[in-house]
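Same chain, two partners: chain A is paired with chain B first, then with chain C.
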Partner chain A sequence: MTTAEIAAPAKKVRATDHRSASRWLMAATIVILCLWVLVPIYLILVNTLSSPDQVTSWPRQFFPSFDLGSLTFFANYQGVAYALLNSVIVALMTMIFSIGLGAPAGYALARFDFPGKNIFRVIVLMTRAFPLPLLALPLAIMFIQIGLDDTRFGLALVHTMLAMPFAILITASLFMGIPYELEEAAWTLGCNRLTAFVKVVLPLVMPGIAASAVFAFVISWNEVFAAAVLTIQNRTLTAFLLTSLNESPLYLKFAGGAVLVIPALFFLFAVRKYLFAMWGIANR
Partner chain B sequence: MAEIKVTGVEKRFASFTALHSIDLTVKDQEFLVLLGASGCGKTTLLRLIAGLDFATEGDIQIGGKRVNELPPRSREIAMVFQNYAVFPHLTVFNNIGFGLRMKKMPADQIKQKVEKAAEMMHIEQLLDRYSGQLSGGQRQRVAVARALAMEPEVLLMDEPLSNLDALLRMEMRAELKGVLQESKTTTIYVTHDQVEAMSMADRIAVMHGGHIIQAASPIDVYRDPSSRFVGSFIGNPPMNFLPAKKTNGHWTAAGVPFEGPSVDRETIEFAIRPEDMDLAETGLSGRVKVVEPLGAHQLVTMEMDGHLFRAVLESDLKIGSGETLTLAPKPDRIRWFDLESEHALQ
Partner chain C sequence: MQARSLPYLLLAPASVFLVVFFLYPAIDVAIQAFTVEGEWTWANFGDMVDHWKFESALWNTLLLAAIVVPLQIALSLFMATMVTKMKRGRDLILYIWTIPLGISDLAAGIIWLAILEQNGFLNSALFGLGIIDSPTTILSYQNPWVLLIAVAIAEIWRSTAIVLVILVAGMGLIPKEYYEAAEVFGAGPWKRFVRITLPMMRPSLQTALILRTILAFEVFAVVIALAGTNMPILMGEVYEWEFRLRDSGVASAYALVVLGISIAFTIFFLWALRVPKGARV
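Presenting the complex of A and B:
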């Protein structure tokens, strides 16, 4: 009897121990994952905002001196401006193509029952399963054959392929969020399918479409492998930095890194709630 | 002037038939209620008439014009949806004026018609709001005003009050009836609420399993159900049924002989509404199981001849459970049903 009395609370203590242990594990994992992402970004920022001398000096600095020397050097570096222009143009084209093609596909997924709908959904995701290096060589050969190599348009096509699955899935979930009754009501009030879409559905999904367009832009902006393989003269900023990495000084790499990372971070932060929507997590 | 004529309409989905060869005529300016439990096909029929779905077979005519292949916008209809379907990105004014704008009506005319419709539904003060700033009842009013502003030949309403709370529903019921009477529009109104159907309809079409079982005035549907289903579906509490056997030219139910129809059957069904009986010396007797006082009346549930039997009696009668009651049905209120076909017998 006495042993039982003692054992019972002991068991309880162990149970709380177990719970708090798993909570600690959880917290530790979150902290490690956050540091994993944030520390490199922080170091890039520190070094970007330090003068070229400080970047190469020892001991390392952990606080920026807010010297714009590295950034000015980067901005004036031969070829940077052109690469930046290429990046923006390719990303804009990717954005237009992937929304132009992806949004109708998303609408179809959300609104219509057609044979092979589930298979289509899987195939859309499957396109992301092929590693780009595997596709790069055949793609490069094909592009040379049809004359698309080293063009912004050709690169935008490849980036569209990368961005489109997300565009389709995000827009599908957006359209699913719009009650079908609203469209039906518009039909009874004198609209056909197209005018109902333009006057009722589009205004309601516009913020989400804009978000998924920004996401497509970021995917293209960040993509480096295809850009490096498929272009020579018309390099995007990522590809340009990759190839000039060996011959360029350290502070240039940091400045280039920052210029690439910051816009992407801002964009993704702005559209984050729509990206959750893609996976069906209600966050609105 | 718009009469709706539905002939031989059938709707099949991949694996099941939602509507079996429906024939229905709704007269000009009539208020017809489609009444039935969920899944009976009433909303499907409404959507076929609206043009939101298309019939597998049969014809639909509105105002003498065959509309089978016409899209909703060409059918001269307006519809009120169960979830209101008020456009969230437009103000109340623009919601009500949406259809008029699609018709390319001049702005001053739109303004006038929107204001008139808003006035009818008492929402003049809400014209600048968005649907997110409205309560359920107000949204409902907007949806109805939007349909009325179109001045349609036919108004279709799909359970418009089912999302409102009980008190508001009663209020809106009376108000809608008034507004619709005034507008003189042919109306088809879908509901599963028999009180709504009884109180609003010129005519009720009771639906069950994809068939229209009976289409008649509310009082006829109540008093003279054409089948056992209608009798048991309409009325709260529902009709009582007892098996009746043929004995010496009479029908005997629960040991009591009644005059009944002359049909060549051994057993048919005796039916009586709970309120159509009085306490008496002789008649149907049963043992009281439960007594529920309802204020004006009391609902007495009895066991009679092995069947549940309900009676609605004056509330000042003292009745306790376990007692034996004897009830005399009013002779002109007794109805008979065939056991097999479940049709009413004369």
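Presenting the complex of A and C:
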């Protein structure tokens, strides 16, 4: 046997060794990064599912006792139920407004070429380079003048300003994905513009529109600054938690944090299929 | 007639909305910053700069962005590269990694408070490992650097997901042939990353940098949850002046500072990462 013949298999073995080692390393890194995301969420759930006494005890247990004390305290705390209701209503209004205003604009951007189209696009894109929550300051004064101060409707309008640019860009890309020929075919078969849209285009884009509506909901649900500036009596849950951070006990904060997180998780799961398509396109 | 006016009819509601709720307030906030009781003046900016918190608020905000954003970009590039290499379980991993996308900055602050507070999980874990004997205060005004790092960790934990989504979407657009050609010519993984991935990702990196930098300047609730008022930041001061001190002139001046640095950095990134015409895919 020559040395070359011996060396060849040995080299092959080392190469596979190396490859499987790097595969293990990659798997380990992926697991660590998953834990980095998941462990903090797990820990806030442990706190939420423990009794108030356990939450403030030392040292802390790393497993929940499934005591609903913290949650019932949170649910019965003065103002929480109302704040939760406000959050849901404002988020629903934001969802309806931003799709109602944004989808027609998205359709126009996708289907027509017309003078002024670029100016509109630029203004929409400009909103992305602008710290939008700051607009709550001048709007707070405007709302006092027109009687919209401290109302759910007023706050929903400001949240719509945050969510609508996304809705416009996302729906525009959705409509672009539907061939215009389909609509034209519908016209030749006796549809007018509106019925062609309702019967042909709408069913095709509906899932995508639902996803961007969910996105608008989450934007409003999570927004803190404008909500805290614009509401006093009608606080949303985020504004309520923020303004009571100083005086409220720890277990109230933790339960509140968990209640904020959980719906967002479900919503994100519902739209996960669209997430990358939406962001990939909305950011071009 | 219909076809010509239709796009304008469709755009009209959104346009009116943008004018009333974006252009008008944007101009109005500038007017408020430069006026006191109807008179044009620099007084609001004077009050702002003279206040003892201004300098540390500006410094903390910029420093936080300078720590958080580069780390997020690096971490996201790393995660995106790994995800594109994966064969199985890609969707599950991406879902887990993007979970923080749905979490508000307030919730993120509260979550990290549960870990870092005096009787929190970090101290309990250190106690369990025998490293400390009794709970120590981590989040104290006496160690501003620790506060800054705590906020930075919470921010990196929460908002890296958005960068990841943008970069994964961008990485998917790079033609596979480029890598194959580079491999034929003997380029190793690192060289391929530096010579193909990074240059091709320029538009996505630009978007991610602009978006994240602006959001980093808007940091607010995480800081309030973790550091209270012990760590002044710009948005916190806007809120403070608007609410506690009831002076919307100075609050607007602060708002213009946030706006100014946001626009400056946007223009910088647009220029620094511009893609030459003819090099676009």
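Things to note:
As a convention for this text, the second predicted complex is superposed on the first by the 232 of 284 C-alpha atoms of A that agree within 3 Å, B and C clash if a C-alpha of one lies under 4 Å from a C-alpha of the other, contacts with A are read in each partner's own complex, and residues count from 1 in each chain.
Just so it is clear, contacts are C-beta pairs under 8 Å (C-beta built on N, C-alpha and C of every residue); 3 or more make two chains touch, one makes a residue touch a chain.
Please read all numbers here as calculations on a predicted model, not as lab measurements.
Three-chain overlay on chain A, with chain B and chain C fitting side by side and no clash. Once chain A of one complex is fitted onto chain A of the other, the partner contacts of A:130 are limited to chain C, with no touch recorded for chain B. Once the two complexes are overlaid on the shared chain, A:34 sits against chain C while remaining clear of chain B. By the touch criterion defined above, A:153 lies against neither chain B nor chain C after alignment on the C-alpha atoms of chain A. Of the two partner chains placed by superposition, only chain B is touched by A:182; chain C is not.
Of the two partner chains placed around the shared chain by superposition, chain C is the only one that A:62 touches, whereas chain B remains out of contact. Of the two partner chains placed by superposition, only chain C is touched by A:114; chain B is not. Judged by the touch definition given at the top, the superposed model places A:24 against neither chain B nor chain C. Ranking chain B and chain C by residues of chain A touched puts C first. Taking the two complexes aligned on chain A, the least Cα distance separating chain B from chain C is 10 Å.
Within chain A, no residue touches chain B in one complex and chain C in the other. Partner chain A is touched in their complex by these residues of chain B: 50-52, 71-73, 77-79, 81-83, 85, 87-89, 98-99, 102-103, 146, 150, 156.
Contacts from chain C toward chain A in the complex involve residues 2, 4, 6-8, 10-11, 13-15, 17-18, 21-26, 28-29, 32, 79, 82, 85-86, 91, 93-107, 110-115, 117, 119-121, 123-125, 127-128, 135, 157, 162, 165-166, 168-170, 172-173, 203-204, 207, 210-211, 214, 217-218, 220-221, 224-225, 228, 235, 238-239, 242-243, 248, 251-252, 255, 258-259, 262-263, 266.
Across the interface of their complex, chain B is touched by residues 179, 181-182, 184-192, 195, 199-200, 203-204 of chain A. Residues of chain A touching chain C in their complex: 26, 29-30, 33-34, 36-38, 40-41, 43-44, 47, 56-60, 62, 100-102, 104-105, 107-108, 111-112, 114, 116-117, 120, 123-124, 127-131, 133-135, 137-142, 157-158, 160-161, 164, 168, 193, 218, 221-225, 228-229, 238, 241-242, 245-246, 250, 253-254, 256-257, 260-261, 264-265, 267-269, 272, 275-277, 279-280, 283-284.
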